[in-house]
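In the two complexes that follow, subunit A is the common piece, with subunit B as its partner first and subunit C second.
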Partner chain A sequence: MFKIENLKKESLGKLPLLERREFLKMGFVVTGVFAGGSILSLVSNAEKVFASAGEFAEKYPYKPHYSMVIRQNLCIDCERCLEACRTTNEVPDYGYRTAILEKHVPEAVGQKTEFIPVLCMQCNDPPCVRACPTKASYKDEVNGIIRIEKKKCIGCKVCMVACPYNARYFNNETRAIDKCDFCFETRLSKGEKLTACSAVCPTGARTFGDISDPSSEVYRMVHQLQKRVWVIRAEAGTKPNVFYMKS
Partner chain B sequence: MTDDKRPARVPLTSGLVDSLKEGFFPEIQAAVSGLLSGTRSFYVFFVLSLLTIVAASIGGLDAVRIGYHHAYNVTREIPWGILISTYIFFVVTSTGLCIVSAIGHVFGMKDFMPIVNRAVFLSVVTIFAGFTVIFFDIENPFTMAIYNVLSPNVASNLWWMGTLYGAYMAFMAIEFVFLLLENHKFATYAGLAGFLTGVAAHSNLGAIFGMLHGREFWYGPYMPIYFIASAAMSGGAAVIFFTMIGYKVNDELMEAPMKRALEAVSKLTAFMISVILFFTTWKIITGLVGAPGKKAVIMATLNGPYAINFWVFEVLLGMAIPLALLLSSRFKNLKMSFLASVLMIIGIFFMRYDLVVLGQVVPAFHELGVNEFQGLHPYMPSFHEIMIVIGGMGIVAAGFLLGERIFKGHKSSH
Partner chain C sequence: MKKYFAFLLTAVFFHASAAHVTLAAPEETGHGGDIIYTKPVKGVLFSHANHVEAVGLSCDSCHDTIFPMEARAVQKNKDFTMASLYKGKYCGACHDGSMAFASNTQCARCHIGVKGFERLQKKSK
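Let's turn to the complex of A and B:
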């Protein structure tokens, strides 16, 4: 005899744990939650940035794996970072290694201007390194920083064309392409722990550290669920190591 | 051309030749008088080409003196300007000349045989002009010579392009020497090697652009394919142009086989124009959907600051009018073919310019909507840049004219 109580339950509770988690995750991805002017997805931000969970060991192939997290809304455009960068790295007045972009949104409620610091994104899949004919641009095998071996630079500027982030310029003084190297030559290689820009920032907009170290601040900022983390021009597929978020 | 229309010999040179004859050994006398026995148009063009080279050399050296960042209008945002596009213009022409000559000499189509010697010679001249122009664009060219060998990046299209073009120039020069020696077996081998390295080099040049995944306008397999098809079109125009001028400066009547050859090249050229028209049409249509950066470039081309470059120079002069001229004359009227080739060469120069510059005009951060990068990046070539471009053309003109004189109209037995 057909009795309703004899039917097998079809609720989520009957699903195996893994399937249920995947289902919930999918639901959060599809719907998202609108909060504070940004989409807050409950799926791990790190997954969004690095494509899939469980691949972190592969995605952080360097030790230390230097990274910067920029909390965009903390930048007040004081330009101390730009000055510190110029002084530390002897950047000529016609060039820059880092810049602060200004975005004005007249129709926004409340604050109408925000500032977006930009620099070399130290990509994991850097187009500049592949394009360089003489390996003058290279990715440091230890720490993943995109560096320049000046004596090999022929000045063809293909790396400038290849870079999706306008991060490079030709330095006439050194006769080579110049770009942000996370202050490796001027600070990190001499025992300093921070880049000049992050050390001088009065609001903490630029946080620098080793993202492969779970105890580091940059790791904790990127590997959390509460706030959205993003990279600029993700569609270029270069896997940047400079992340953006709002505090 | 009939005898009574031939231009008069230059009277001044005969006196000069006579005076030279008195003081030289007979061999040197013969060489000098051979060099000076041209027509008036030869001397006019030759002197003009030398003057442009001298003027351009002064401009180029001045650019070196004051620094490229002061002399050129290229910027951080548009690092590649007219010098790169002119380099491409010359190497596309060179590769095209090689492809068209290979149809006859390597692949054995008899109708193309008469144009082979001149085309092979000019492929060497045009790539030399290209190398000269890019010499003035690369900041450290001597470093390049060293580290291209000591520190090659085999993942770099630019490394392959430079290396293969170096080999290509050598193969084409060797082919030309064997053609002069009438050793057609080795000339064919060298021609085949030149053809293969030329196509590989040239598609790598396209891939420099096509493999930049941060540049939406260029990215994709279109560029390497387009570059090769476009080279064949340029090669056809260059063969017609230089062969017709060659007969003019040599003051010779064109033989029937050469006429047939130029008719065959005209047909090939018309076909390649159709191919490029087809490519261009779909490049535009596909660019109108999808990536906003790409669409911005297409709109700048169709109805923006680059509309005149595109519609007048690329479409009308470069393709539409030449195609109409070639088809309406049924490839029989060589004057029409010549006019078509002149218009094409002008139009193609703009094609290369637009291709290079338009890939860079959209700001990297355009999608952020920041104040700094609202519109398209501007670029206009500087005086120094234009001088060097003219110098490159002077090199081609002088090389071509010297070739006509030294190799006596590139006549061959085949």
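Let's turn to the complex of A and C:
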């Protein structure tokens, strides 16, 4: 029955082509498509497929289609987001749902350090979900958030290896993998509009919202031509819903 | 003659490195060293070495008019915020985009963050 040559290949090298084929099969445009390179390719893609930007927006597969835009240059590593995340989601000291990376460029003129907030990218094509043997990791069919059904998690950590963003850790207390769920369980499902991190950020580095809504701030930030928008590790072909730009 | 030069060179070298060591100790430099603010956000670095030695400002450029002599005293003020800086208060007196880089640009040049703060603390121990 299960011949190895009949199975889908899971290696990263095989991803982009496969994703493209899958995407064409799906017949709608998903966010990651225009995150591959410059914003110019985004617009040309959109125009090729749809008559207007409005029509384009309607094709986001989830409603609300939660997304975060990180304006990297605004991050000052005050780490209030990390604190808020820990208290809101009961994240232990050894774990994390979000982190701040530091990049040093000693030869740069002026500012020589850059802080890069990272979290689960809530990919449209999540390798973690594909890797999970028990379907404990799943993509929420309504809002596209990658969530975990704790009682199904057997702690095999395959998803941790599969994730190109290192967004997961094993929680010793719950005996399950834990990760950012855009605060769905602790805030969004209770009527809050923002994640804990974006609500507490003093500089507005993290903008959160529904990218399927053309009047939302995240939509307007991603669908413009003036500033370049990118995603981390676009080559992994995961179509992230967390976008990066500078303001 | 060659020996003499070699000696002179080593002497100069040692003198220079000794001078470097004294520069690192704030009490002997004649300025306040590194000041790290923790409020309203953690990890904002003011380097006296940069401002006094590299830029060449004198003490009375800032003391006691814009900043009191006591380190971090301004942290207690409620208006010690970026908004005040944009209005020309505190660091914003110079960091206005004409005298020095504007305080609403290059955030991480002064904001060294929690990571930078912890690194400096480890170094000073």
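Keep this in mind: the second predicted complex is superposed on the first by the 188 of 247 C-alpha atoms of A that agree within 3 Å, B and C clash if a C-alpha of one lies under 4 Å from a C-alpha of the other, contacts with A are read in each partner's own complex, and residues count from 1 in each chain.
Please note the rule applied: a residue touches a chain if its C-beta (ideal position, glycine included) is under 8 Å from a C-beta of that chain, and two chains touch if they have at least 3 such contacts.
Since the structure is predicted, the reported quantities are computational estimates derived from the model, not experimental observations.
Enquirer: Specify the outcome, clash or fit, for subunit B and subunit C once both structures are aligned onto subunit A.
Expert: In the arrangement built by aligning on subunit A, the partners subunit C and subunit B fit side by side.
Enquirer: After lining up the shared chain so the two structures overlap, which partner does A:Pro133 touch, if you call subunit B first and subunit C second: first, second, both or neither?
Expert: first
Enquirer: Touching A:Gln111 in the superposition: subunit B (first), subunit C (second), both, neither?
Expert: A:Gln111 sits against subunit C, while subunit B stays out of touch.
Enquirer: Determine, under the contact definition given at the top, whether A:Pro202 touches first (subunit B), second (subunit C), both, or neither.
Expert: A:Pro202: touches subunit C, not subunit B.
Enquirer: Touch test for A:Glu102: subunit B only (first), subunit C only (second), both, or neither?
Expert: Both partners, subunit B and subunit C.
Enquirer: With both structures fitted on chain A, tell me whether subunit B or subunit C touches more of subunit A's residues.
Expert: When the residues of subunit A touched by each partner are counted, B comes out ahead.
Enquirer: For A:Gly191, decide between first (touching subunit B), second (touching subunit C), both and neither.
Expert: Neither: A:Gly191 stays clear of subunit B and subunit C.
Enquirer: Figure out whether A:Arg80 sits in contact with subunit B (first) or subunit C (second), or with both, or with neither.
Expert: After superposing on A, A:Arg80 lies in contact with subunit C but is clear of subunit B.
Enquirer: Quote the smallest CA-to-CA distance from subunit B to subunit C in the superposed model, rounded to whole Å.
Expert: 10
Enquirer: Hey, what residues of subunit A end up touching subunit B and subunit C alike?
Expert: In the superposed arrangement, which is not itself an observed complex, subunit A uses residues 102 for both subunit B and subunit C.
Enquirer: Under the definition above, what is the set of subunit A residues touching subunit B in their complex?
Expert: So the residues of subunit A touching subunit B come out as 94-95, 99, 101-105, 116, 118, 127, 130-136, 151-158, 160-166, 168-170, 172, 175-176, 232-233, 235-238.
Enquirer: Note which residues of subunit A are touching subunit C in the complex, please.
Expert: 73-80, 100, 102, 110-115, 202-203
Enquirer: Can you check the complex and tell me which residues of subunit B touch subunit A?
Expert: 67, 69, 74, 76-77, 79-80, 137-141, 143-144, 147-148, 151-153, 155-159, 162, 208, 211-215, 291, 359-360, 363-365, 367-373
Enquirer: Which residues of subunit C touch subunit A once you look at their complex with the stated criterion?
Expert: Subunit C residues touching subunit A: 40-43, 101, 106-109, 111-116.
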